[in-house]
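Input: one structure, supplied below.
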Amino acid sequence: MAEIATSPTYRRAGGIRRLLERYPFLPALAIVLVLLALNGVFSPNSLSYRSLTGLLSTYMALILLAIAQTYVVYAGDIDLSAGSILSLVNVAIVVLMERWGGGAGAVLLALAIGLLIGLACGLVNGFVVAALRLQAIVATFATSIFFTGLALYILPVAGTPAPTIFWRTYGGRLLGLPFVFYILAALVVLLTVLSRTRLTTQLLAVGDDQQAAYQTGLPVVAIRIRGYLLCGLFSALAAFCITGDTASGDPLVGGKMTLFSVAAVVLGGSALSGGWGTVVGSLLGALTIGLISSVVFFMGTPSEWQNFVQGLAILIVLMAGVLAGRRARP
Amino acid sequence: MSRITSFLRQPIVVALILIVLLLYLGELLSPGFASGAQILRLMIVASLLGIVAAGQNVVILGGREGIDLSVGGVVSLSAIIAGNVMNGADGGILPAIAACLLAGAFFGLLNGLGITLLRIPPLVMTLGMLGVLQGLLVVIRMGIPSGQAAPALSRFVTQPLVLGVPGIIWLWVAIGILMAFMLNRTVFGHRIYAIGSNEHAAYMAGVPVRLMRIALFMISGMFSAIAGLCLLGYSGSSFANVGEQYTLTSIIAVVFGGTSLAGGKGGYTGTMAGAFLLVILQGILTTVNIDESGRQMVFGATLLVLMMFYGRGRAMRA
Amino acid sequence: ETFKIGLSNGWVGSEWRTQMIDEAKEAAAKWKDKDVDVEVSVQSANVDVPGQIAHIRNFIAEGVNAIIVNPNSPTAFDPIFAQAKEAGILVIATDAEVSSPDAIYVGIDQTAWGAAGAKWLAETLDGKGKVVAINGVAGHPANEMRVAGYKSVFKDFPDIQIVNEVNANWDQAQGQQAMQNILATYPDINGVVVQDGMAAGAWKSIMDAGKKDQIAATGEIRKDFIDLWIKDKLNSGATVNPPGVMASALNVAVLMLQGKELKEPAKAGQYGNALYLPIPFIDSKNVEEAAKQLEGKPGYYSYTSSLSIEEAEALFK
Amino acid sequence: MSKLKLSGVSKAYGATLALRRGDLEVLAGEVHVLMGSNGSGKSTLCKIIAGSVRPDDGRILIDDTPVTITGPRSARAQGIGIFYQELSLAAHRTVEENVCLAALPAKAGLFVDRTALKERAARYIALFDGVSGDGFSADALVGNLRPDQRQLVEIMKALASEAPLIIFDEPTSALDRAQVERFFEILRDLKRRGRGIIFISHRMDEIKAIGDRVTIIRDGETITTLNLGETDAGTVIRLMVGGAGDMPASQSSVPAVVDAKDGAALTVRNLSGAGFRNVSFEVARGEILGFGGLHGQGQSALLRAIFGAGAVASGEILIGSERFDAASPRDAIRRGCAYVSGDRGRDGVISGRPIIENVTPIHYLRDRLMIARPSKLSDRVAPALESMHTKFASLFHPINSLSGGNQQKVIIARWLIDRPDVLLLDDPTKGIDLSAKADLFALIRQLAAEGLGIVLYSSEDAELLGNANRILVFNGGSVSRELIGADRTRYNLYQAAYEAA
């Protein structure tokens, strides 16, 4: 049969497109590198080993939160309560660690409970969105109010220092390397493992076309709930990092981070409509957000213009992320 | 019998029943809550939210994941512009209205262009625009004095105008009638539903999809601008971030009104009821004497329960 | 002499914050007369706690001599302040206290701020009546300290009854809505404790309800409110949290960078690291004076006060 | 022994009775055909068996044991596989992932076993080697494939279920002949291996070629089951439409060549664009010009391009004697051009909206209306729908309450209020039953008689041969042959379609 090479929609994937199809996070990586370079140009000091470690330990929480968000976005859902889950876990573990004396055992036990809280919140979200079929944006906004109330109940006012052992470990070094590097390494391993699970493929299939996935015989409700569970889990991990970086509990700490996590996911080239994306992209997206605000400052932007320039830069990069992401997928 | 149940299932009817129930509950919990004067005052607050929600409503109806997260930013911006243009003088009201509408339309246009020409998802585009607007507010406030509402505007919003009812409520009712007419009886309205339920089919049937969508975001910007102007009248002077609270509440009001976030389904009458419902709920929670943590938990949980009445997604197995 | 000072403002949602930064910049410029070059570097953004931690990191990377921060959290900065101190940087918090032993706090005592308003109200009401409170953001430390402040005062007035406390998030419109709801259900209240940022809104509702002569309520320090206060003869009293606190902190910072030592080390407050500044109070007796200071300023401009260089020097040995 | 037995199955959507009484018995080793006009309930019946629709009533027996099917998963577990008419594919997943999606091979219970997945998928992909077309590979993303290729993936997916009973709900509607042939070979093989197969198609020749028995459904009711070997098309159709159903008139006479003396309605000169190149033709007023050839040879792309919905690189188009290059469908509609797509779900139906709003959009545009007055509009809409014999309860019911065929009639009716000059038909009868087809072609001929220029692309030879005055056969994006007069034979059409391939 004669081939019709001119038809654009049926075109075989070409070089760059093929590459993007395989590694959809490449544009995000490029943006991060450019921003790092700009940072270096305006303030050479900001590329020092120490500064980069600092960047990582500060933004590790947002990175994890963005990854949390990615798993629900895979399935075409969204979680506007991720930041409140982070706050809730943050205050819960800090209060528990203090109550149990702040020893190593107490810390570990509190962390375990923190994970359970994250999972429980994820379960609530998954239940209301997937099982009760409420619209994700508004339902998770409602649960976010609820979780914030809970966090305020547990810790009515920011304070309560975390045990020294905990935050010294997070901010310290192990065998000569900063601890966050180990976290990053562990994260990479965890993400690789997760990317090979059936759940990841199933989440993406559900995100592609929910009805089709159901008709195929996938347990769609259970899969979406698992997505929210993963989101809760990673939000709890993000809470650990923020607790490590801030050494305290604050019931409002995550409030502003939710929308940033959504932005990070988009910056990373994932499609908010589901079915397409990578967690690595979201990781890079979170770094992008951090680096933009640094660049805006190091460029010497007058303080009253900083917000505007930053907002504009994020908008532009968001557009770039979306446009590049679209090139990659069918 | 089935007629009655299907009547009772209409979102607007559900919302009205819930409104009556909530008012009754409010009166039980704190006597005086459901007095006529208080209901009017609640309606003033609801009308501000309702006007923002009108724009949100058309954007959502237009489909393709339509949503406008920048409404809060436009409301704030418009309040500041209005305050500075009128600066306490009644004569400045008309120029202020023009300036606000222009600003609202401009940012709506930017949203619309990004969404149609670059095909950025609305959530992303308007979220980014919100960040830009917040930044712009800082810049503007550094450069200009923030002004005062004109007395006539304040009176319009807070004082009885006709039949003991403040002007803003009449304005809201007028907007409600206008929206109902537009959505049901105009070609433009039918085209909103058409692009909301099947954009491609609408395109193939000659609907100017891009122009429509840009228009919807401009309408949203302009409604937010009107709300910002009224908010200035309500609070007397403009200040930073006044509009912030409207971003997500306007979406909830639309959802409570029975409009599907998927687009193409719903209307504004329900949204009006939804906005009122939300304001009553917030009002009850303020007057009940419990801890803030308790208030938030009750608010969050109540929102979830109320959502059970509305627009639940279809079961996958029909 | 040249000092580089980093100013970090974690939130840009109010004019008060903008004025705070402006005044700090002006204070820095004044050091020129003393042949000290104070270079300020400002990071002002609508960020979360990690974002503000990043501010501090940026300052450390930039190599500033001192950092003055209006913090988004009282405790979250302990580790990063420790790092700043390690790098030899002086850290001062202002407006909201921080728990870090590596920083000092220069600003007003928020508890005393809350107490002062309550005391005025209790006395205005002759120690009896029904009172409601409209607070800021629940869980925010400054808010909680102010709440503790008014509570401790009302404890001493058994005939004053707090009938309800609500949160309106330091948002004027929300304060107005809250007041409106409260007036509907508690028509017989006598007094309102409302934090600044919301007082103008609350007063608007009180006036709309025609109750401005029955109700005494705390007020605000913004020019437009003070004008209204005088014009409508409101029964109000405003504790001043001056936006000049950051300027005061800057002056203290420069003197410390010059190697001077405080006469009395900063040891006040719950974290034992605070240097409290005096809290002015405006009531109907001196409101005209306050208005004079604000003459010609825009409506959002706040009544302010700060330590001049000389006043700051007086605190040092 | 019967593999599957349904009795008294019913399903109502609100007031619409989709399925009144479904009875069906499928034996092992047979291809059991379901026939019925649009909206008769075939798909509903299939979806009930496959678990994706919940029946209101009725009994299902598998291997003579009563079963309860609670959902697609439970249906699979009980040995039922299905090809969905509207497909069930994940566009951003690869072909192999889609084929195995229902049961991803697992390692350690948690991870996807990539090697096993590739192996398993390769078995089914290999079945269509040679006919799956260009760009088809195991690791291609389904979203990048052509419609016929997607349909092949759905077939592979159904086959991969290895279920004893497989349902194929119109699996051939987008396939070309070679693909259909290959598919039928596979079906025959399955038959030999004792599988039970349910097969739905509106194409009589396919049914003859592959079916063993046929069950006829009319208005949601099972009428009867016949042995295909012992019956003829006429009987089947009469049973389908109930009583007064003769062979559709359109099939009985062949239209003559039309004189071009009235002038050209549409002229296309050297048109090239995405998917077609260097195409020239002329359609006279009153003429029906047929487009033939295998699937995806540029026919649809060309029609869309003329209508302003696809890109034109070079060449010119004239409507009447005026130069016409529509930048958008809106433009084209204003200039009197009409386009009906077979893919009504994508191009036609404004779902969830009332029938009346589905008919009026063209009228709005042509008459430049601003205000929509339902009573006035009804007067215009109702006659258009009646001329198509559309079945509907009220103009204000949502279009989704109609069956597929009636929905398509509504879509066509929107072009009849304000008459266009040129009518482009892009496989307009896809998934439409025989009597609706007959209605449609009668109308098309009438429109031609009234002086419209009509271009008809159809994937069914019979439709072209029965209606077109002339046929252009497409191959590789350009016209390879023109069939006029007596040349218009099935043989010539077939040969022209394949000659360059």
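Before moving on, here are some points about what is shown:
Think of it as A, B, C and D in the order they're written, each chain with its own count starting at 1.
Going forward, a residue touches a chain if its C-beta (ideal position, glycine included) is under 8 Å from a C-beta of that chain, and two chains touch if they have at least 3 such contacts.
Not measured: the values here are computed from a predicted model.
In terms of C-beta pairs in contact, the better-connected of the chain pairs A-D and A-B is A-B. Relative to chain A, the chain whose mean Cα position lies farthest away is D. Centroids built from CA atoms put chain D at 43 Å from chain B.
Distance from the chain A centre to the chain B centre is 30 Å, each centre being the mean of its Cα atoms. If you average the Cα atoms of chain C and of chain D, the two centres end up 71 Å apart. The multi-chain contact residues of chain B, meaning those touching 2 or more other chains, are 134, 138, 142, 292-293, 295-296, 316-317. Those residues of chain A in touch with two or more other chains are numbered 151-152, 156, 211, 214, 304, 306-307, 310. Of all residues in chain D, those that touch two or more other chains are 52, 71. Looking at which chains touch one another, you get A-B, A-C, A-D, B-C, B-D.
Contacts from chain C toward chain A in the complex involve residues 7, 9, 12, 18, 21, 42-51, 53-55, 57-58, 60-63, 73-80, 83, 99, 137-141, 143-144. Taken together, the chain A residues at the contact with chain B in this complex read 80, 128, 132-135, 137-139, 141-153, 156, 210-211, 214, 220, 259, 262-263, 266, 272-273, 304-312, 314-315, 318-319, 322-323, 326.
Every residue of chain C that touches chain B in the complex is listed here, in rising order: 12-15, 18, 44, 46, 135, 138-139, 163-167, 171-174, 176-178, 180-182, 184-187, 200-201, 204, 208, 224, 228, 298-300.
The part of chain B that touches chain A in the complex is made up of residues 65, 67, 114, 118-121, 123-125, 127-136, 138-139, 142, 248, 251-252, 255, 260-261, 291-301, 303-304, 307-308, 311-317.
Listed in rising order, the residues of chain A touching chain C in the complex are 43, 45-46, 48, 51, 54-55, 58-59, 61-62, 151-152, 155-161, 167, 171, 242, 245-257, 260, 290, 293-294, 297-298, 302-304, 306-307, 310.
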